[in-house]
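Paired with chain B in one complex and with chain C in the other, chain A is shared by the two complexes that follow.
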Partner chain A sequence: MTLTFVMMEAPFENARTVSVLRLIDAAIRRRHDVTVFAYEGAVAMTFARQAPHANAVHGRTAEEEDHPLPKDWVAGLMTAAQQRGVKLEWINCGLCVDERGVAEAIPGAKRGSPADLWKASEASDNTLVIGTR
Partner chain B sequence: MKESSMESYLLFESQEPLESAQVPGHYELAAALKAAGNRVTMFLVQNGVLAARHALRSEGVPRLVAAGVEVLADDFSLRERGISASRLSSGVRVATIEDALDQFAAGRKTLWL
Partner chain C sequence: MKKTLQIVTSAYRCNSEEQDDPVVWICQAMKGAGADLDMLLEGTAVNYAVKGQDASGLSFGTKAQTQPPRIEEDLKRLSAKGIKVYAIEEDVAARGLERSDLLEEIKGIARAELPKFFAQYHQIWRW
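Presenting the complex of A and B:
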């Protein structure tokens, strides 16, 4: 079975990010092939230059803060898919990437267009669009 | 596996009525879909689970249950907010994200509200 998730939320902003990634994780664990089409702010989910930071107010180092980074969560999902022998295709809307200057993506994230979303949806058993609020 | 009926819906509700004035409209949509003879599940996630507490004294979720909508509350979101199953309105069932995923994979028409 192939499932498509269409994701709009920018990283670090809303719990929707976590919820969508949990759904994708569940799909991979169920051994479904997954396509993710990220658009608008969600294209920054895979931005390679996301970086952890220290907390000077509380006197903690970046390691002690241990901030989770969305790019690492996505990379983890890609690894999980590979380990289970299923496909996780992550497509970032190219226009949205250019607007935000986040073309430098982690390995495995591709650049695409709305036409790729249409093709993915056509090839999928179901599609879920998760917009922002 | 596809379900036999094309009129099966899965609605994700991630907000509570006190957070967004749109939420009561989402409840009305779910109830109307059910009243039209469809199979409807509302999966409460994130702050959406707050509306399932019986202490809220809100009619929203109990009305959904009474209308025959299957109302599921995400276990992860409940744990994050310190809400135990005993504090949920009657008829609301604790479920996992896998339960929602399975309904989506079964071909239900799925909306994130």
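Presenting the complex of A and C:
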């Protein structure tokens, strides 16, 4: 099966981002091909300059904190897809990238447009939009 | 080609910064790319159907906004391109709006009609 997911939520603001990653992860584990169209704030999910930090409240160094960064989770999903022989295509809405200044994305994240979303949707068995509030 | 219904559920979230509603905008863009779609305004988004809104005049310090969002024009443009735009009647009434407050292009639909209405579409995208 081929699935398209649209996500809008920016990282670190809401549980929706993690919920979408759970769904993508589940789809990949079940060997479905997945296209993700990241729209609006979600284009920051793959921003390459996200950086981990220590946690002084819990007394942990940066290494001990092992802070999960969204870009690393997305990269992990890309690796998992590759290992399972399925496709994970990550498309960031280009205009959204520009206005947010997050053009430096991890390898594998592409720049696209609404036309790419429509094409992906047409080529998919189903499309799930998880918007934002 | 799949026919989709695009449901807009929240309004005025980032219109000033984007100078658009992002969902109304992307629907116009997808239509331009050949998509077959209609739109349903739900909840607070039914406010988009109200005539005569004016978001012009915003400025912070020396920086003025020269291209304010013009959702009314966007909805009229969608309609002119053959996209039907619906608003849920109960959500309109709950906000104290009358039919005469809304753009002519907007079609009302009651909640009870939604199941049958949804069945006309291959997919429902709820933003």
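Convention: the second predicted complex is superposed on the first by the 129 of 133 C-alpha atoms of A that agree within 3 Å, B and C clash if a C-alpha of one lies under 4 Å from a C-alpha of the other, contacts with A are read in each partner's own complex, and residues count from 1 in each chain.
The rule is simple: contacts are C-beta pairs under 8 Å (C-beta built on N, C-alpha and C of every residue); 3 or more make two chains touch, one makes a residue touch a chain.
Owing to the predicted nature of the structure, the values given are computational and were not obtained by experimental measurement.
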Clash-or-fit label for the pair chain B, chain C on chain A: fit
Partner chain(s) touched by A:V74 [first = chain B, second = chain C, both, neither]: neither
Arrangement angle, chain B at one end, chain C at the other, chain A at the vertex (C-alpha, nearest 10°): 60
Partner chain in contact with A:R29 - chain B first, chain C second, else both or neither: first
Which superposed partner A:R16 touches (first chain B, second chain C, both, neither): first
Partner chain(s) touched by A:Y39 [first = chain B, second = chain C, both, neither]: second
Touching partner for A:G131 - first (chain B), second (chain C), both, neither: both
Which superposed partner A:V86 touches (first chain B, second chain C, both, neither): neither
Minimum distance between Cα atoms of chain B and chain C in the superposition (Å): 5
Contact residues common to both interfaces of chain A (with chain B and with chain C): 126, 129, 131, 133
Residues of chain A defined as touching chain C within the complex: 6, 8, 39-40, 99, 113-115, 117-119, 121-122, 126-127, 129, 131-133
Contact footprint of chain B on chain A as seen in their complex: 1, 3, 15-16, 19, 22-23, 26-27, 29-30, 32, 125-126, 128-131, 133
Contact set on chain B toward chain A in their complex: 2, 12, 14-15, 20, 45-47, 76, 97-98, 100-102, 104-105, 107-108, 110, 112
For the chain C and chain A complex, residues of the former touching the latter: 1-2, 4, 9-10, 13-14, 17-18, 22-23, 26, 29-30, 32-35, 123, 125-127
